[in-house]
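Alright, structures below, take your time with them.
In what follows, chain A forms one complex with chain B and a second complex with chain C.
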Partner chain A sequence: MIEIPVDHRADGIGVLAPSGRLNMVSARALRSAIEELVAAGHARIVLDLAETSFLDSSGLGAIIAGLKTARQAGGDLRIARPTPEVLAVFQLTNMDRLLRPRDTVDGAFDD
Partner chain B sequence: MTSPPLGRRLPADSLAVREGQTHAGLDRITRLLRLALDVPMAAVTVLEDDVAWRPSSAGFRAPSLPVEQTLCLRVVEHDGPLEIRDTLTEASVADLPAVRDGVRFYAGMPLRDATGVAVATLCAFDRRPRELTEDQREAMVDLATWAETELFASSEMAQARRVQASLLPAAPLRDGAWAVDGLCLPAMSVGGDFFDYELLDSVLHLNLGDVMGKGTGAALIGAAVRTALRGTGNAVAAGVDLGITVTHSANALLPDLERAESFVTLVEAAVDLTDGELRYVDAGSGLVLLTRADGTVEALSGEDRPIGVWRGDHWTEVRRVIAPGDRLLICSDGLLDLLDDPQAWSQEAGAMVMEADDLPSFLTSVAALAARREASDDITVLALFREPGA
Partner chain C sequence: MTEIPAELEFDALAVPESMDDAHGVLEQLWALDESISPLDRMRFELAVIEILGNIIEHAYANDVDPRVRRVTMTLTLDSEHLVAELADSGVPVELDLSDIGLPDFEAESGRGLAMAQASVDEMTYSRDQGRNTWRLVCRRA
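Moving on, here comes the complex of A and B:
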């Protein structure tokens, strides 16, 4: 099972760092983790993808659903530090302009 | 005293097809086998009790006949691949009706059910003695693996798979110098990939979609998307901008996709077969390439997102020309998993397209690759070849 460590930062931003494969099996876990964060008042979320080795369409679907949930709650979801394999999925599906990859977790909400 | 039946008594629901029914998936396989082996006749034969019947045959009409009168029974008895290079030199088969009717060459592969017992065959016939090449033998093994998946499955899923296969185009389409065909290999019994094509006047309307996820849920949504796109066929043929038609379909599908929390990557295209003009929309697929007669490969990337992701999205039509000798490939990302380096997919897939003698042999090579690499994702390819000098 995928591990999704959660960090509730002092500035109110929630950081999720899923490690391993984000696929049909683990997508559900990511989706609930995002929903829990938003429900707990952290509508600004950074998804740290440095340890995510693989992303398929179900994983991408969970991220998009998370983005919608966060924005509906008045926040946003940003992705940071994707590996080249994962970045390729965002680029192939042209999702990289909706979810612009950020270089750092700390600076993900700077703009 | 009656002798025991030669074939097996099969549980009624162990096969995806019953006697008297046809099966689009198996038809695709026998058609490919016939072309891959360059034989006039190919079939899938089920040996059930005393009767041999053929859920699929290509190149001949095949009535049911007593099991002991078939060459296929020899494959099941032999329990392995069988190749008879000249039937007239094999005394044991020389009296069979097929041989008396002029069959000189036979090749058969056993198809095994879930318990490992051979109850059917994938077979090929020729009217002249011959020998298969090593490549042809490999193609036959790969196609047999695929035929087993089509033939044996639990009844309900088999039914679903049969329905889904019947939603794909029934046969390749040829028009002058043009040939279009595709294949869809679901990772499970049914899958979220689909492709479609139809010829409307001189306009070829074709598309390939990949629904998020796998299995039954994805398949249901795929069927809805296919139907929505079919509904725009006349507008597409009349030359309406594809950005408009796709946006129209996407808006109609959006509420369903949002409720199902799903999305679809899609390539929707139209080709005017009189002058080769290609118009297409790439909705987040990024997996379209055009190989040119001069050996160059162009990946046709787009900038639009998948359907169902974002309310208010719209899509843009892009144009190219498919010249004589050019070949168009559209695929789902399942194909990427089969390649050595998915990041450089266009070169590798482009080489596969260009190296193929013709469209059937390209599809056979994809099916072979999928069988060898044990694909875990749905794999779908759709290709349009234009003959050189036409």
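Moving on, here comes the complex of A and C:
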């Protein structure tokens, strides 16, 4: 199971912090959570991965779908604080070049 | 405490709901030998979950009785290797494993087998007597 707490920040940025494994089962929940945020006007999204213990191709697909959804709405999706294990999955697929993981949630939209 | 070599077996319905149970079996495996490095755990778990996901999504035609859509998984551990064998009785896999690549950056699916292959040291597939068997080998750091 996965929990995806949402933080609607005052600056308009939405922060999602999936806690648990992002796999075939939970990827759907992440897709929905991102779509809901964008529909609610939060097209700038930070995905805080500090508590995400596992990521597979389905989870990666949900992140890419979310990135496209956010960009189509004029925003963006930024990745923050991946664990070394999750970062290794991004590197394995070269997705670290597209997603450029950030060190902090607060600074994820600084550049 | 080390209790190796060890073998764990898992037999489940080939449905998405079995995924978390498979993660649980991997956790049991890690508990048998605390000296397995975090990177080896991650890459082995990733490959196992990707192959399991592939079986769940593609092995059985939609009209197959759900009760016979099964997957078996055997995990073995010794001081040098982590080995997984995943088997199903679904349709043969028509794929050239020597030619699996990653799709475009923007693709939302189609990475699973490439990720499995890239994360372990050996990945083989065989078809014998109506059974598909995937074998994954990770040489421990």
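Descriptive notes on the structure:
Going forward, the second predicted complex is superposed on the first by the 111 of 111 C-alpha atoms of A that agree within 3 Å, B and C clash if a C-alpha of one lies under 4 Å from a C-alpha of the other, contacts with A are read in each partner's own complex, and residues count from 1 in each chain.
The rule is simple: a contact is a pair of C-beta atoms (placed from the backbone, for glycine too) under 8 Å apart; a residue touches a chain by one contact, two chains touch by 3 or more.
Everything quoted here is computed from the prediction, not taken from an experiment.
By the touch criterion stated above, A:21 is placed in contact with chain C alone, chain B being left untouched. When chain B and chain C are set side by side, the one touching more residues of chain A is C.
In the superposition on chain A, A:29 contacts neither chain B nor chain C. Once the two complexes are overlaid on the shared chain, A:6 sits clear of chain B and of chain C alike.
Applying the stated contact rule after C-alpha superposition, one finds that A:54 touches chain C and leaves chain B untouched.
In the overlay built on the shared chain, the residue A:88 is in contact with chain B and with chain C. In the superposition on the C-alpha atoms of chain A, the part of chain A touched by chain B in one complex and by chain C in the other spans residues 24, 56-58, 60-61, 64-65, 84-85, 88, 92-95, 98.
Taken together, the chain A residues at the contact with chain C in this complex read 1, 21, 23-25, 54, 56-58, 60-62, 64-65, 68, 84-85, 88-89, 92-95, 98. Partner chain A is touched in their complex by these residues of chain B: 210, 212-214, 261-263, 265, 284-287, 302-306, 309-310, 333, 342-343, 377. For chain A in complex with chain B, the touching residues are 24, 56-58, 60-61, 64-65, 84-85, 88, 91-95, 97-98. Chain C makes touch with chain A in their complex at residues 16-17, 19-20, 23, 38-39, 41-43, 45-46, 49-50, 53, 56-57, 102, 105-109, 111-112, 114-115, 118-119.
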